[in-house]
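Both of the next two complexes hold chain A, though its partner changes from chain B to chain C.
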Partner chain A sequence: MDKEYFQTLAKQLMFHISEEEAEQLQEEFVILQKQIALLERIDTENVKEMVYPFEAETAFLREDEITHTISREAALSNAQAVMAGHVHVPKVVK
Partner chain B sequence: MDIKTMKMQDVKTRVYDAIEKAKQLQPKLNAVVTFVDVEEQLEALKQIPSDAPLYGIPVVLKDNVNTKGILTTASSRILSNYIPVYDAAICEKLKANGAIIIAKASMDELGMGGTNLSAYSGPVHNPYDTTRISGGSSGGSAVLCAAGVAPLTIGTDTGDSIRKPAAYNGVIGVKPTYGRISRYGIIPYASSLDHVGYFTTTVADAAAALHVLAGRDDRDMTTGNEPVPAYESLINDDIHGKRIAVIDNIIEAVKEEAIVQSFESLLTKLEERGAVIEHVRLNDELLSVLLPTYFIIANAEATANHSNLDGIRFGVREAGESVEEVMINSRTKGFSSNIRKRFVIGSYSLFVENQDKLFRKAQKVRRLIVNEVKAVLDQYDMILTTAAPTIAPHPEDSVDEALSDTYLIAENHMIIGNFTGYPCMTMPCGFVSDMPIGIHMMAKPYCEQELFNIGSAIEAETGLKGITAEVKA
Partner chain C sequence: MNYETVIGIEIHCELKTKTKMFSGAPVSFGAVANSCVNEIDLGHPGTMPCVNKDAVRLAVMAATALHCEIDPLVKFDRKNYYYSDLPKGFQITQQFHPIGSGGYVEIETDAGKKQIRLNRIHMEEDTAKQFHNEEGTLIDFNRAGTPLVEIVSEADMRSGQEAAAYVEKLRSILNYLGVSDVKMEEGSMRCDVNISLREAGSTEFGVKTEIKNLNSIANISKAVDYEVARQSEILNAGGTIVQETRRFDEASKATVSMRKKEGNVDYKYFPEPNILPIRLDAEWIADIQAHLPELPDQRKARYMSEYCLNDYDASVLVNNRELAEFYDEVCRHTKEYKTAANWTIVELTAALNKSNRKLEDHPCDPKHLADMIQMIKSGEISSKQAKTVFEEILQGKDPQSVVEEKGMKQMSDGAELLKLVNEVLDNNPKSIEDFKNGKDRAVGFLVGQVMKASKGTANPAMTNQLIKQELAKR
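For the complex of A and B:
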C-alpha cells in the first residue's frame, strides 16, 4: 500500500495526514499484516462474533415518550458559530 | 487518606485542603486539567443527609466524564472548549450521595493510550518518582488518589486503563462488571469494551464506592438489572476454601524477578490463610493474539464513535471555505497524529472487503478468549496474576497500546477483563526499587464482592491499606 492510499483513506475520514504520517502508517501496516496472519491461524469456524459479553438481555424498546430533552439555547451553546437560532456554517449553495 | 478517616474532619476543611493539595502538587504532577468551583456544590450539600456515604468527600473525575457547565476536554484539542449541558449518570449519583467534585483529571487523548503522555495538557507524572510515567489512560485520576488528594477518583477502562495506572501508582483500581456502572454521559472510546471504574486506597472504600455508583440506568441500555448489594458491610476476609487460579503462562511472561517473587510470596500467605491456590494455563495461541484482537476491535469502534467530532456543533472549529473543509481542518488540527493514524487503521478494518478478515475475525477470537477464561472461572472463585510486569517506566521506555512487533502477554493480559466484561481489581502488593507493584484479580460476572473479600485478606497481608505517596521534587 502506497502513501497515497493512506492519504485517500484519511480524507474519507475527514482529516489529512502528512507524508511522514503516511510513511509511519506504511510501517505499522507491515506489523498489522503479521498480526492478521496470527489471527488467521486461529480456527474460528462456527464461532459467532462477540459484540456483548453476556447472554442476559438488557435492552428493550421504550415507550415513544419525550424524555431528557435540552433547550435550543443549550443545544447551540457549544457551537462556535450561531445565527438566527441555528448552527452557522459556510454557504453550501453559492 | 481513606473516606472514614477523612470524615473525621469537617466538610469545608477536607474539601478545601484537598483542593489546596492538588494545586500545590500541580507543578510536579500535572494531573489536573480543570479545578472545579465547589461553592455551589457545598451549598447543595445542605439538602443531602449528613449520613450519606460520600457526604462532603472530595472526588476527582476523569476528564471524559460530562459535567454540566464544567469544561470537559477528554484531553483532546478538539474538545478543549467543550462545556457539557448535562451531567453524566455517575455525577448525579456522586452528588446525590454527598460527593464534592473538586477537579477534572488528565487522561490519554480520548482514552486512546496507556501512558498518559498523549494528553493535550501534557504528560502526567508518577507521584513516587516524577521522572516516571503515571500510566494511562486514567493517569490523572490514579495519581491524584495515590498522592492523597482525594480518597475516590473516577476513571474509565477500555483496555486496562484503570488497572495499569493503579499498579504503577500503588492504589486500588476497580473495573467492575461490564454494565455494572452506567456509561451515560461518558465520552466513549470503544463501546463494547468501555467500563467506568475508580481508584481508592482501601478495599473498604472500593466496596463503598461501588455501592454508590452501580445500578441499572435506562439511559445506558447495557447496564445490568442485578441488584446492588451493600458491598462494604458484607466484606468477609475469611478465605478458607476459596479456590484461586494462577495463570502460569502469564506469570512466566513477567521478566522482572522481584515482581514474581513478591507475587509468589503473597500466594504462600494466602495458602496459609486457607485459600486453595492452583496453577492453570490458558491457550498460548490465544494469549499471543490478545493485542491484535484488542487493537482491531478498539480502533474500529473508536473510529465510528468519534465521527461526531467535527467542530460544527461543538468542539474547536477551524475555518474553511465549505462545510467539508471546516470539518477536515477541525479534525486534522483537533486530533493528534497518533489518534488520526489509529482512526485510519480502525476504518481500514471496517471496509466491506476487510470486515470478515479483520473486524469480524477479531470479534470471533474475542469469543474464544472469553470461553477460555470462563472455563477457568467455572472451576475457581478468582483468577489471580501480577498486574503490570514492571514498575512504572520512564517515558522513553514506555510501551503504549500501539502496534508492536512483540506480543507482550505480560504487558497486555489485563485486557482480557475488557473482552470478558468480568469484574477485576488491581491492588498494591509491595515495592520494587521504591516503586509500587500490584496484583490483578478477576472474578465471575457481578461477583465484585469476591474481589473485595479476598482483596481484604490481601490488604491485611501486605499492610498497604490506605498508603499514599509523598511527592518529592
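For the complex of A and C:
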C-alpha cells in the first residue's frame, strides 16, 4: 500500500489528506496488517460471523413521544455555509 | 412487433407518527427548516438509533391489510451511499428481513378483478429534503429520519391503467388504515415505476427504465403510456433501451432522462450493528391484527349489503374516505340510505367542488342532512324546497330553523289545502269541464294552479289527491 493508494481512497471518500497524513496512514497500516495477520491464525472454520455483541434478542421499542430537538442554530453550526436557514452546498443536480 | 408491457412499482409512504423512526424528534410537514431535528437525525458521532414502537405498529397494520406474512423478528440493515440528503452516509432500512413478505393488492380491471402480488413491505428512514436553485442546493433536515414503509410490487402490471389502479387501491387501503397521510402532492406517498417491454409470449424481462417521483395518480397512467410508446418506437426502429432513471415532465407530458444507470449500484448492505434484533410480542401483533379499521373493500361490501347501494354509488363513496365517513354519519340518523347516498354523492360533492373546499373545512353537519331527508320523507318539505334548505345546511344551519325562518313549510294541512283546492276549482270551470270530457291533463293544470296560489308550498301528492277527490264531487 503506497501513499497514492491512501490519496485515492481519501479522494473517493471525498476528504482531503496531506502528504504527511498519507505517510502516517501508510506506517499505521503496516502495523495494522501485522495484527490482522495474527487474527488469520485463528481457525474460523464452521464459525458463523457475528453482527451483534450479544446473540440475545431484545424486546424494547421506544414509545412514540417527542423527547428533544436541538436548536436551529446548533443544527446549522457545523455547516460550512448556511442560506435562509438551510445547509447550503454546491448544486448536486445538473 | 407485438410487445407486452411489464410494470413493477415501488412506493414510499411516510408513516403517521409523532416522532422519527429512530429518534424522539418530532415529525412535521411545513415546519421552519431544520427546526425539527436532533443529533440522531443529523448522524452525529456517538448517537444510537432507537426504534419507534408506533412506526412498527403502523407497519404491522399495513402488512396485515396487504396480506403479507409478518416477520416477528425485526432487524435493520445499512444501505451505504454518499449523497447530500443522507447525513450518516447510510440509510437504515430492512434489506434482509422485511417486516412483511408476499401479499397482494386486488385491483379492478376491464377484464375483471386482478391480484397484483407484492414482493415485500419494509421499514426505513426518510432522507433530508433538498431544494435546488441557481446558487446551489439547500438542505432541510426536518424530513431526515421520518419513518417510511416501502412497498415493492412484483412486475405484475401490464398497462398504465393497471399501474394507476394499483396505486389508487394501495393509497385507499393505507388511507383507511390511517397509517399515512398518503398525499402524493405533498410527498408523503411517493411512487417509482419500473417499465420494460418484451416480445408478447416471452418470459424474459426487457431492459427497464425507472420513472421517479410521480406526484399524482393521473400522471402515473400518462407517464406509463408515454414510456410504452417511447420504448416501442426505439425497439421497432431496431434500437436498444438504455437502463436509466427518468422523470415525468408535466408541461410536455413526456418522460425525460435524469441519469443513466450503469448496472446495479452496490450499496454494500450489511446488518445495522447498533440495533439488536427485536422480537415482537406475538400477542401484541395479534391485537393489532384483530383491531384493523374497516378497509375499503369491506366498506363497499357493507354499503351494498346493508344499505342496498348499487356498485357505482358504493364505489364513489368508498373512493373518497371523508365522503364515506360523512355518509356513514348521515346513515346513523336516517334509514333512507339511497336518498342519503344521492344527496352526498350529487349535491354535497357539487357544493364542495363549487366552493373549492374540502369536507373537513365545511360546517355541514351530517345529522342536519339526515333530518332534512326525514322532512322530505314525511312530506314536511318538497324535494324542490329541500334544495334551498340544503344550501343553508351547508352553512351549518339546522333544517328545522331554516324551514321556519323562510316560512317554507310545505302546506300539508288538509283543511287549509282543501280550501285552496276549491278556490282554484271555482276559478277554473273550463278545466272541470275538460276533466269530465276525459282530458286527464286538466288535473295537472289544476295542480299547477294550486302550487302557484300556495307559492310552491302545497304538498304535491296531497294536492293531486284532493283535486281528484273534489272533481269527483262536482
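The rule we apply is simple: the second predicted complex is superposed on the first by the 58 of 94 C-alpha atoms of A that agree within 3 Å, B and C clash if a C-alpha of one lies under 4 Å from a C-alpha of the other, contacts with A are read in each partner's own complex, and residues count from 1 in each chain.
Operating definition for what follows: a contact is a pair of C-beta atoms (placed from the backbone, for glycine too) under 8 Å apart; a residue touches a chain by one contact, two chains touch by 3 or more.
Small disclaimer: the values here were computed from a predicted structure and weren't measured.
In the overlay built on the shared chain, the residue A:K48 is in contact with chain B alone; chain C does not reach it.
In the superposed model, A:F6 lies in contact with chain B only, and not with chain C. Of the two partner chains placed around the shared chain by superposition, chain C is the only one that A:V93 touches, whereas chain B remains out of contact.
Within the superposed three-chain model, A:L61 lies in touch with chain C and out of touch with chain B [touch as defined at top]. The larger set of touched chain A residues comes from B, when the choice is between chain B and chain C.
By the touch criterion stated above, A:L39 is placed in contact with chain B alone, chain C being left untouched.
In the superposition on chain A, contact of A:I17 is made with chain B only, not with chain C. Shared interface residues of chain A, touching chain B in one complex and chain C in the other, are 13-14, 51-52, 54, 56, 58-60, 62, 68, 70, 75, 87, 89-90, 92.
Those residues of chain B whose C-beta lies close enough to touch chain A in the complex are 81-83, 85-86, 178-179, 192, 218-219, 221-225, 285-286, 288-289, 291-293, 295-296, 303, 310-317, 320-328, 331-332, 335, 337, 340-341, 343-345, 347-348, 357-358, 360-368, 370, 402-405, 407, 419-422, 445. Contact residues on chain A toward chain C in their complex (touch as defined above): 13-14, 51-52, 54, 56-70, 72, 75-76, 83-93. Taken in their complex, chain C has these residues touching chain A: 17-19, 23-26, 32-39, 42, 50-56, 73, 82-84, 130-132, 135-141, 270-271, 273, 276-281. Taken in their complex, chain A has these residues touching chain B: 6, 9-18, 21, 24-25, 28-29, 31-32, 34-36, 38-42, 44, 47-54, 56, 58-60, 62, 68, 70, 74-75, 77-81, 87, 89-90, 92.
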